[in-house]
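There are structures below to look over.
Both of the next two complexes hold chain A, though its partner changes from chain B to chain C.
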Partner chain A sequence: MDLFLQNVLNGLSAGSVYALIAIGLVLIYRSSGVLHFAHGSFAMLATFVAFELHQQGLGLVPAFLGAAAVAFVLGAGTFRLLLDRAREGGSHAVVMMTIALFMVVEGLAGATWGSDTKDFNHYFSEPGIVTVAEGVFLSEHNAWINVVTCALVLLLALFFRFTRVGIAMRAVFDNEVAAELMGVRVRRLHAVTWGIASVLAAVAGLLLVPKVFLDPSMMFAPLLKAFAAAVLGGLASIPGAILGGWLLGVIETLAGAYISTEFQASIAFLIIIAVLALRPEGLLGRRTVTKV
Partner chain B sequence: MRRPDLVRDYAEDLSLFEDRRWMALAAFGLVGLVVFVAALAPDYAVYVTTRVALYVIAAIGLNLLMGYAGQISLGHAAFLAIGAYTHTILYTKGAPLLVGVLVGAIVAGAFGFLVGIPSLRLEGPYLAISTLGFQVAVDQLLGRWEALTGGRMGLPVPAPEIFVELSPRVYALLCIAIAALVIVATYNLTRSRIGRAFVAIRDNETAAEAMGVDLVIYKTMAFAISAAITGLAGALLVHLSDSINPSNFTLLDSIELLVMIMVGGLASILGSVLGATLLVTLNHTLTAFRDYQAVAIGTILILVILFEPMGLRGRWLRIKTYFKAWPF
Partner chain C sequence: MALLEIQDLSIAFGGVQALADVSMAIEERQIVALIGPNGAGKSTLFNCVTGIYRADRGTIRFGGEDVTKEKPHRVARLGVARTFQNIELFDAMTALDNILAGRHLHMRTGPLAAMAFGRAVVREEVAARRKVEELLDRLDLQFARDVHVMHLPYGVKKKVELARALALEPRLLLLDEPSAGMTSEEKEEMVFVVRDLARDLSITVLLVEHDLAMVRDISERVIVLDHGKKIADGAPEDVTTDVAVVRAYVGDEA
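What follows is the complex of A and B.
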């Protein structure tokens, strides 16, 4: 039983990272209808920025803040300069634009930093251990992951409930035209949404990096998992993305513990296939009816 | 016999050649290519030309699905892989080359049909994710199923042989011939009832259905035909090296196919040919800048999407109109 709880707890920690990335994917999808394949690449880039700043002798907190700022500018700028125009070309153009960004960012990162992996251990990766209950432990790193994720989710919830920008954002999610008619600057809000989403992804990258080594393709597998999580929860639902992330993390860890670790990598895709076949709108999504 | 500027029916609008001059030019070009490959070209150019011909086939396959039928696929390299592996396994067991290639295409087509089934319920982003999942799943399966595929080590490929062993030049000619056949066949397909049904589905699914296009049949058919054509290219690709392994058919290869048709021009056979030629040639000339290859391709793609949404073909059409209407 303890072992089971232990696995669930570890799964939740893995799932938190997926959830952070998935929230960003959902935010971007809901605001501008873009499926952002370069989301992970932006996170990777931000993590590298933090690493470089830290190498230059900056403290960890300023380095993290710098990375977050870069991520925000990168996300908002990408929408403003590229995606907003690509949207006019139809859905294929949009998907291809994010794929092109993926190639450019990963390619540049690979050329700049090389493909040899680097260690980036920071204070999220303290080797200490937290005892949760008798016989159930959490590494300090995983504890940090869970705490930071929960804090961010809470902040995001407050942001959407109480701030003007958050409320305007929800209005844009629901009905872009109506929001625009009510005086919301829709394009600017899209850009801000992209920025926030990229910051969340950057946090996910920083939380993950002590576990996986810093290299240009470090966020690719987590991005695929986040897609699975977003689909599981419903691609248009933020609570769904969080739930999906945690569920995926737990299922994956349990499958790794009780079935086989070989099988662990494929589970995300089994979940995607199962969800799309049985309930395409996801666990918390609503079925939408399009009028013709 | 110049085509009148007034187009009177659909077949005329989509005829393969506008008039005899273009037909003569194409024939001349084909003969020139054959002479070049058969006698003049250095070995490396023969190799590159073969790759171009095969990627033209693959790009046409993808364009049929994405450009004409409007269904996105991020997993077309998986169909290349299925065609390649099926052919290699059969060919190693002693099947004749062309039979192996044909079966490879058919098996890929069958998988295409299966992947097409979810497309009946899914649209846009969901389809992108599920085809992406298919790509990664095939990649992992090929790497793990060692009894059949040799795992990450891959499979050795015997030299191509039809009665006698084919030299690279002869093999290049065979590939060019097949590519030409595929071009003509898909051209005719796109002007047929089936091609028009694909376009109708792309433009408005509901309207197409109301006009009597059976979505179940035509959508899965689009996937199956597209996958079969791509599988054909995959099966022929294996003879360009002496072994295949899963790293030949990754997500990046899928993306490369997508870039080919976006850069060349969606819903255009000419576009597929131009795009595939450009990309493959770039891949083999930019070898000195390996590190920046992905960056270069990505940048080209971004520029094309922003400034030339119809791709090289759009540019070509504009140049042609300019000269046709000159001096106006």
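What follows is the complex of A and C.
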């Protein structure tokens, strides 16, 4: 039982990373209707920026803040300069644009930092152990991932519930024209949404990097799983994305522990196939009814 | 000087001339009704004024400023608020949050400050919420406060939309069929609400309305559009008996 609990907690840590990326995917999709395939690459780039700043002698905290700032500008700028235009070309133009960005960013990162893997061990990767309950242990790193994710989710919830910008964002998600008539600068708000989403992805990258190695394709698998998590939750629902991320992380970890680690990679996607076949709107998604 | 001055406004969609050289001047604190058969160009005129459509020709001046080419959020900032014929609320949000969204332009804090939840942010949020509570009281909407608007009945949605428009503290309020789909009691209430608002808050009101009895009750002046042209403009009792108007509504045989 204790081992089971421990596996669940470890699964939640894995899932937290998916959730942070998935929240960003949902935010971007809901605000601008874009499926952002370069979302993980932006996270990777921000992680490299933190690494580089740290190499240059900056402390970890300023290096992280620098990475977050770069992520925000990258996200907001990408919408403002590229996707806002591409949107006019329809969904295929948008998908091609984000896939192209994904290729370009990974290519540039490879050219700049080389494609050999690097170690980026920071605060979260100290090998400490936290005792959660009797007989249930969690690595300090996983504990940190859970704490940081929960804190960010809470902050985000407060932001959407209680602040002017948060309420305006929900208004834009819901009815763009009406929001504009409330005096909301819709495009700027889309850009801010992209910026916030990219910062969340950067945090995910920084949380994850001690576990994997720092290299240009480090976020590829997490991005796919985050997409799966977002779709599992309904793609348009933020709580759904969080739930989807955690669910995916836990199931994956349990499958690795009780079935086989070889099965681990495919179980997540088997579940996606099952959910989409049986409940295509996702777990928390609303079924869209088209009038005929 | 008139609050809203429209000069020779024209706009066409494909081959259809939705508005043809329409001119009008709405004085401050007037309640003016815009009437006309379906497709006369009433909603098009609203969309031009609020910046959703851009006119092909002509000018729109609001408070002396040329707003012909302004974007919707700029027009809103200058003091124009509206409601829609088919209700455009934020369906997944509560009545309270819908009206709070209407306070947007009266608040300053940026996204970074908001994330930090500083003192100024809290003060501003509290002030906005106080204002929204006032509006909920004023329009008897407290019962709907925490209900997601998609679950509210039609007449209540109309009132929430009105409250949201009022949250902008507009100088000019554009109401697109405020009483459509309402029961006769709700219509009567709407007449009183709009008249009281215009008087208490010194708001100028331009409304599209099909119910001629309501038009007579509510407005001091009536403008008639037909096929994108203005065909009458005057006191309600004169205009509603005007030959051209009756012809536009009922056809030539009348």
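We take it that the second predicted complex is superposed on the first by the 289 of 292 C-alpha atoms of A that agree within 3 Å, B and C clash if a C-alpha of one lies under 4 Å from a C-alpha of the other, contacts with A are read in each partner's own complex, and residues count from 1 in each chain.
Please note the rule applied: a residue touches a chain if its C-beta (ideal position, glycine included) is under 8 Å from a C-beta of that chain, and two chains touch if they have at least 3 such contacts.
What you see is a predicted model, and the numbers here were worked out from it, not measured in a lab.
Chemist: Could you check whether chain B and chain C clash or fit when both are placed on chain A?
Modeler: Partners fit side by side after overlay.
Chemist: What is the contact status of A:Leu276 with respect to chain B (first) and chain C (second): first, second, both, or neither?
Modeler: first
Chemist: To make sure I follow: the centres are taken over C-alpha atoms, the vertex is chain A, the ends are chain B and chain C. What is that angle to the nearest 10 degrees?
Modeler: 90
Chemist: Have a look at where A:Thr163 lands relative to chain B and chain C in the superposition and call it first, second, both or neither.
Modeler: It touches chain C, and chain B stays clear.
Chemist: Considering only the touch criterion stated at the top, classify A:Val192 as touching first (chain B), second (chain C), both, or neither.
Modeler: It touches chain C, and chain B stays clear.
Chemist: By residue count, is chain A touched more by chain B or by chain C?
Modeler: B
Chemist: When the two structures are overlaid on chain A, which partner does A:Ile99 contact: first (chain B), second (chain C), both, or neither?
Modeler: Touch status of A:Ile99: first partner only.
Chemist: Is A:Gly183 in contact with chain B, with chain C, with both, or with neither (first, second, both, neither)?
Modeler: second
Chemist: In the overlay, answer first, second, both or neither for which of chain B and chain C A:Ser266 touches.
Modeler: Touch status of A:Ser266: first partner only.
Chemist: Report, in whole Å, the shortest distance between any C-alpha atom of chain B and any C-alpha atom of chain C after the two complexes are superposed.
Modeler: Scanning every C-alpha pair, the shortest chain B to chain C distance is 20 Å.
Chemist: Same chain A residues contacting chain B and chain C, which ones?
Modeler: None.
Chemist: Contact residues on chain C for chain A in the complex?
Modeler: Of all residues in chain C, those touching chain A are 50, 52, 71-73, 75-77, 81-82, 84, 88-93, 97-98, 100-105, 107, 109-111, 114-115, 117, 121, 124-125, 128, 164, 168.
Chemist: Touching chain B in the complex: which residues of chain A?
Modeler: 29, 35, 82, 85-86, 89, 91-93, 95-97, 99-104, 106-108, 110-111, 224, 227-228, 231, 235, 262, 265-266, 268-269, 272-273, 276-277, 280, 292
Chemist: Please give the residue numbers of chain A that touch chain C in the complex, ascending.
Modeler: Listed in rising order, the residues of chain A that touch chain C are 155, 158-159, 162-168, 170-171, 173-175, 177-186, 192, 195-196.
Chemist: Inside the complex, what are the residues of chain B that reach chain A?
Modeler: Within the complex, chain B contacts chain A at residues 66, 70, 72, 74, 118, 121-122, 124-126, 128-130, 132-133, 136-137, 140, 144, 206, 255, 258-259, 262, 266, 291-295, 297-299, 301-302, 305-306, 309.
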